[in-house]
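What follows is a pair of complexes built around chain A, which joins chain B in one and chain C in the other.
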Partner chain A sequence: MKDLDYGKLLSDYGNVLVLLILCLFVSFVTLEEQSPRSEAAAERLAKQIASKNSPGANVAILVRSGEGAEKFSKTLETALADAGLTVTTNVVGNPAAARAALESQDAPLPAIAADEHMIVFCREQLSKLAGEFPQLAKTAAYQPIKHKWPNFLKRDNLLNVLKQISIVAIIAIGMTMVIITAGIDLSVGSLIAFSGVITALTIQQLGGGDPSLTQFLLGSAAGILACAAIGFGTGGLVTLFNIPAFIVTLGVMFIAKGLAFIFSESAPVPIEGSFAWLGRGADFFGLPNSVVLMLLLYAIAHVVMTHTSVGRYIYAVGGNPEAARLSGVPVKWVLVLVYTLCGLLAGLGGVMEASLHTTGDPKSGTLVELQVIAAVVVGGTSLAGGQGKIFGTLVGALIIGVIRNGMNLTGVESHMQNVVYGVVILIAVMVDQLKNRGLKTAG
Partner chain B sequence: MAAAAHPPLLQMRGISKAFPGVQALSGVGLTLHAGEVLALLGENGAGKSTLIKILGGAHAHDEGELTIDGSPARIDSPQASQAAGIGIIYQEFNLVPGLTARENIFLGQEPARVSFIPHQKEADRARKLFQRIGVEIDPNALCRDLTVAQQQVVEIAKALAQDARIIVMDEPTAALTPREVDGLLKVVRELRTQGIGIIYISHRLDEIDAIADRVTVLRDGSHVATRDKTDLARDEMIELMVGRSLDKEFPSHDCQPGPVRLAVKNLSRGNKVRDVSFELYAGEIVGLTGLVGAGRTETARLIFGADRKDTGTVELDGQPIDATSPRDAIRAGICLLTEDRKSQGLVLGQTVQENFGLPNLRQFTQGGLIDRQAESDAFANLVSQMQIKIANHEQPARTLSGGNQQKVVLAKWLQRNADVIIFDEPTRGIDVGAKYEIYQLIHQLANDGKAILMISSELPEILGMSDRIIVMNEGRVTGEITDVPQATQEDIMKLATARHPLAA
Partner chain C sequence: MKKFINLIPAICLTAWLGCGGGGGDTKSKGVIAYSPLTLSNPFFKVIGDHIKAEAEKNGYTVRIVDPNMDVKKQSDQMDDFISSGVTAIILVPCDRLSVGPSVQAANKAGIPVFTVDAKCAAENAKIEGHVGTDNFQGGELAGKAMITALGDAGGKVLVLDFKKANSCVLRVAGFKKVIDAHNKTATGKIEIVSELDGNGDRTKGYQSTADALQAHEDLDAIFAINDPSALGAYTAVKEAKRDDKIKIIGFDGQLDGKQAIKDGKLYADPIQHPDKMGRQIVQLIMKYQAGEKFESETLIPATLYTKTEADQDPALK
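And now, the complex of A and B:
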């Protein structure tokens, strides 16, 4: 048995642990009594009845009319049928309708599936009816079990968390690479706006009021490539003139934002047609398209960073540029590449943002660069360069996403949310420092 | 030795220290008297640095006791160490380059948190300190303008200004020229006469011979021996350090030069490298030496494409190569083992295998993906061939000893099967045992028909290893020595200080 190095394990996967604890905490604070008319409640009720009765037994469904009643009774009917029971009647209405339905049963009825209102009727009336109608003599009534469930852990909410982080997380892939080379890119927020505007304008120019799929693709390509070109220029300035990336990208940030407003004439550019597919659609097993794209890009980026020479070069350049150069690494090209990729992914983020709102808005993306950097830092990538993991960044983005979601669910107001983000970032950097200190004393 | 009436200045007894996974020191003892030079010897990883860091308050020891003037001392922080009269001159100086010598000496000793600093008084005190050491330095010169040797004197003055009675010097001569080394040894002797106890750590046995009164040897974290220097022959010192006897310092080499492999013609860059021409033959080890700043490293960097040359050509096997980047030179078959492994040779945070793979990724890449298994196999092959001591392939490069780091650097170039290998100070900071292994590897490479250029400041190494010696001064080649067995250090020094090319 190999001894596990818990210290290393903790420092490598510490943020996963933080994420899990955070999820538990948010689950705990969003724990609430769930509506007994939910789909899940219907399914559980069906299971309960099936377990107490022999297959093929007759069941009557009684639901008081009201909000969600139709859906609840339908789900219940399908679930009961799936469980092998025979639904003889499915009533959505008042107690009188329920009584009429029960009286008209001609075979013995072992079970009634009732909602929380009809169960009251059953309790009061069933024993009386049993005397008159022998088929109801052995009838038992069941109601949905009341249960508590965290609002956070609902499927729709979890997908929503993923969807909300997708744009930031995708750009954070490029940012992670840049930060691993000991650089920084402040321009990504502005590039979102720039890309959105370019994409919207191109689609408008090409397609007018009814753009085709090809025109959507061309527009998106225009936005993404324009941003990649800007990233290429950024990389060129950083390497050729040896200007600190912080300054170069600060300049590019202003330029891109300004151009976005100039090109759009300061007004959001609407996009006609079905451009929302990327931002709003959910075509893969119910997963939002933006989330599928995010996961796909993370998988690719992970392989690139861990299994290709480009990835090795990126780490080497960040760890020791001179040693890398003297080992034959094309340091300048690696730097230009990471800034180009970061620009390209910011451009993609801009297209996604435009797709989400079906507009190219020059005001979009403001301060997103900070969220992106926060995700990278919280994900454990060191600003000193040379260290960091792609999946760490995804976890970092998730940590921030879960905190935001938790605060939204519990109604924390937005200014307080900012305070919390700030604290989270500071803690992440402190942990990073402690980790480095650990490295130094061990070495 | 010392009379009971005079307790030793410093005594460390039964000092143990463990790091996660490593017992760095176990039960080490050390005694230092006032007015003596104690040489602390040991291979890299023997525990010298750990012991010094305990003395300096950077590490806390797990067991053992420490007395100063016979009374127990508690050293749990650098401040406590200073207060106890201990001054440590680390290999990397703790000087602020943008401050003057005076400001550096008195940094942290200002009369109060907020106060006016009595410039003139400080300058006078600094001058007195320099006088006491016997070296003249302008107290108002910026530290960044001082030479390495002068900066070292500033460090010593800083320790003396804090009333240090124990001065520890960790590899003080690693970056000094031979003349500066002499100057430093003079300073050490001067301090000794003033009753200061000096712990002197060096790999250079010549210096130990010249200066030490007593020698304490550590090996693998344990105390091996403490002897009077006069009782200890040089071979014996090596034997104690390595734990086995070495027949000789340099392996023998039978050189049969083949055809010209590398031809350098009229290489120039600014005033650092001026019109340098020479040739390397297959199977030959050529020593390139000269004083620090003679342009040796700069010449190597031009050949390797690391810097841009003003003029000149480089030919490999008769074909001109125009390397504008190390990448070009490596492709052509030239590689360079840099002088400074930590800042130029290795990416310290990456694993040893990743460092090994860095110039070789193309070999291991299939369909765009790195075949880690192939990379690991190739590395394992060289690890066993070169006897590199590593725990596993995932070990970060920073955790290796100097000798093993050098071997990892060499392994990555061997994997490339380069034709011309340039070694820049290949054994700097490497302990005696590992040195011999590196020498053997260099010989083996020459025997395989590679052309070797070995830059070194250590003249015994140059004389012991080279088949031919090229000497540079002020950017120029000032001479060549072909009859190496008959050459002496004086011959080399004459050429190394010559202003114009001399016939050898």
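And now, the complex of A and C:
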């Protein structure tokens, strides 16, 4: 009895375990020296400089511009002043600005406080500048003491991983439902392009160069609903004519891709910049908007799949359509519903992609259908239908996202990346098979 | 069996650690990141190899990724570069407009972005420097080679273009300028009978040429905007058994293009110099890093490569 529970636990949350191990591993390989930007680091640096220089000595601050740079340079300036030193210049900018600031120093400059980028500039250029500018002859550059921390576990990077999987993960919700009914939808990648183009064109038609929020919303609605309509059509063809979903959606894939190119006249359709809110904004506690949307949709989908009759119908249709029909499940309508939802979510993915690039690009979405299917399969949903979990798919998307991010951070060559993806998918399917066999022998 | 399966992930991860991982080199001055259009085109690989060599010589580490022509992938890669705080980014934009928001994100993070070969045309996206081929001048070279190839008689020409890439549009413009000037004075006129999309690849180059050969029985020459589409065109011409009559001019000077010139399959190529491009873009970054002034755009002239050059090329069989 105990053994069976253990097995069930592992089969339910096995991929969470895989994800955790993967995160640990990626953290380990991306361990690198980091230059801290905290208040404590600034104070330590100020103390270090004060201990090596006489009180009141001149110090220049050089920091590369970017997120948090202003704050760090301000903190550093206060800390240096508190330590009894005179800050002559405080540069937040590029190397050219740093050079200009150093060249314009008129009193001898014994010390420079720099970040990890500007310290390279100082090491390279100070000796060269010293000849021409005597005030720099005895200048020493200091930087905060480095500490080791994985690049992977930086807040920005973790948010990147979530942001990067958001589109695939959202479409994977619909795909999970389709696959649970033992179907497949190959058209979602093309629908991304189609939806993006429709959205961009609608916004352009309605708003011209300076569209309003309503026009953005109308444009997005047009893209999403157009894809939902296509999904409805797909579902209709699958149920009415009993054509295999693989074939129907293959046809739709070509049609949608072709239409995206025709409507856009083969050129990307630009959208005004503030449309980037959905794809690039971060308005909820610093979480990217696309990630918030993803989590919200997963919560809703989870409730639908586990606590409503619609969810139970979807599992029933996938498990045994004949039995489902006999017990009064409207099998055809359930199928039409899942393909419509899948189309709708692909449309939403297209809007998000268009927002990310502020362009409706007919080339976008290529091969995304395979990434979506991979996320679902790695997430533990069986292609045979009848079983699978919504949150499993999210974990599947995360596993693929973490592997991708880890390989990019460590610079694994791209063809090798493809090999790794392939191996991960095969392992997922093998584990799935073993799990099924294990359950059967146990039962 | 089960034990073995449990081992597989461990083996994969170890392989990963072996082939790419290891983290950063503490002695490095920083990381220069390179995201080209695609690494399956050898042209961008050569640029990457020379970026690596030149940057490592100057004490930097290089990180090369492959977006495989997908602008979504490229922008994901840019996000990764930004969060790991690289020194500079070298980009061959997968789309000259859609890449804009990613470049803006790098701008905001204070990371300088440089482009090589193709430019970024997005608004409000700051590019610090660009190194490319003088494509218009290269197109002119192709035009001159075409005049030599056809001689006094002139003839009918098919152009395989790729309008999505601005560089290729410039090549065709340079080509046409020379041909038009020639036609004003010459007796044997050169007529461009058809301009078809070659998509810059072998498959489409082959298909479009095969169609054009049906439509124009008296075609004399083809100008293709790069080597893959020129080689695709050659396959179609060979299949129609008209390779003794139709002369093909390509562009790029990739290894298989050069070999085809030596074998007499192609007539000539204005060649680009990816090695110089890779080195010069790194030199621009060095100047930027030193805070020195530099020309924000460097165009490297193309040179004409014919059978004479190919016969002396030690890199060819």
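FYI, the second predicted complex is superposed on the first by the 326 of 443 C-alpha atoms of A that agree within 3 Å, B and C clash if a C-alpha of one lies under 4 Å from a C-alpha of the other, contacts with A are read in each partner's own complex, and residues count from 1 in each chain.
Note that in this section a residue touches a chain if its C-beta (ideal position, glycine included) is under 8 Å from a C-beta of that chain, and two chains touch if they have at least 3 such contacts.
A quick note: this is a predicted structure, and the numbers were derived from the prediction, not measured.
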Which partner, chain B or chain C, touches more chain A residues: C
Partner chain(s) touched by A:Ala96 [first = chain B, second = chain C, both, neither]: second
Partner chain(s) touched by A:Pro55 [first = chain B, second = chain C, both, neither]: neither
First (chain B), second (chain C), both or neither touched by A:Ser309: first
First, second, both or neither for A:Pro134, with chain B first and chain C second: neither
Chain B versus chain C as contact partner of A:Gly209, first or second or both or neither: neither
Touching partner for A:Gly286 - first (chain B), second (chain C), both, neither: neither
Footprint overlap on chain A, comparing chain B with chain C: none
Touching residues (chain side chain B, partner chain A) in the complex: 19-20, 304, 306, 325-327, 330-331, 336, 338, 343-350, 354, 357-359, 361-362, 365, 368-370, 372, 396, 398-399, 412
Contacting residues of chain A [partner chain C, same complex]: 18, 21, 25, 29-33, 64-67, 69, 93-100, 116-117, 120-121, 123-125, 151, 154, 156-157, 160, 163-164, 167, 266-268, 270, 273, 276, 279-280, 353, 356-359, 361, 363-364, 366-367, 404-416, 420, 423-424, 427, 430-431, 434
Interfacial residue positions of chain A with respect to chain B in the complex: 7, 303, 307-309, 312, 315-316, 319-320, 322-330, 386-387, 441-443
Interfacial residue positions of chain C with respect to chain A in the complex: 2, 5, 8-9, 12-13, 16-17, 19-24, 26, 29-30, 39, 63-66, 68, 70-72, 75-77, 79-80, 82-85, 87, 95, 97-101, 105, 108-112, 124, 164, 288-293
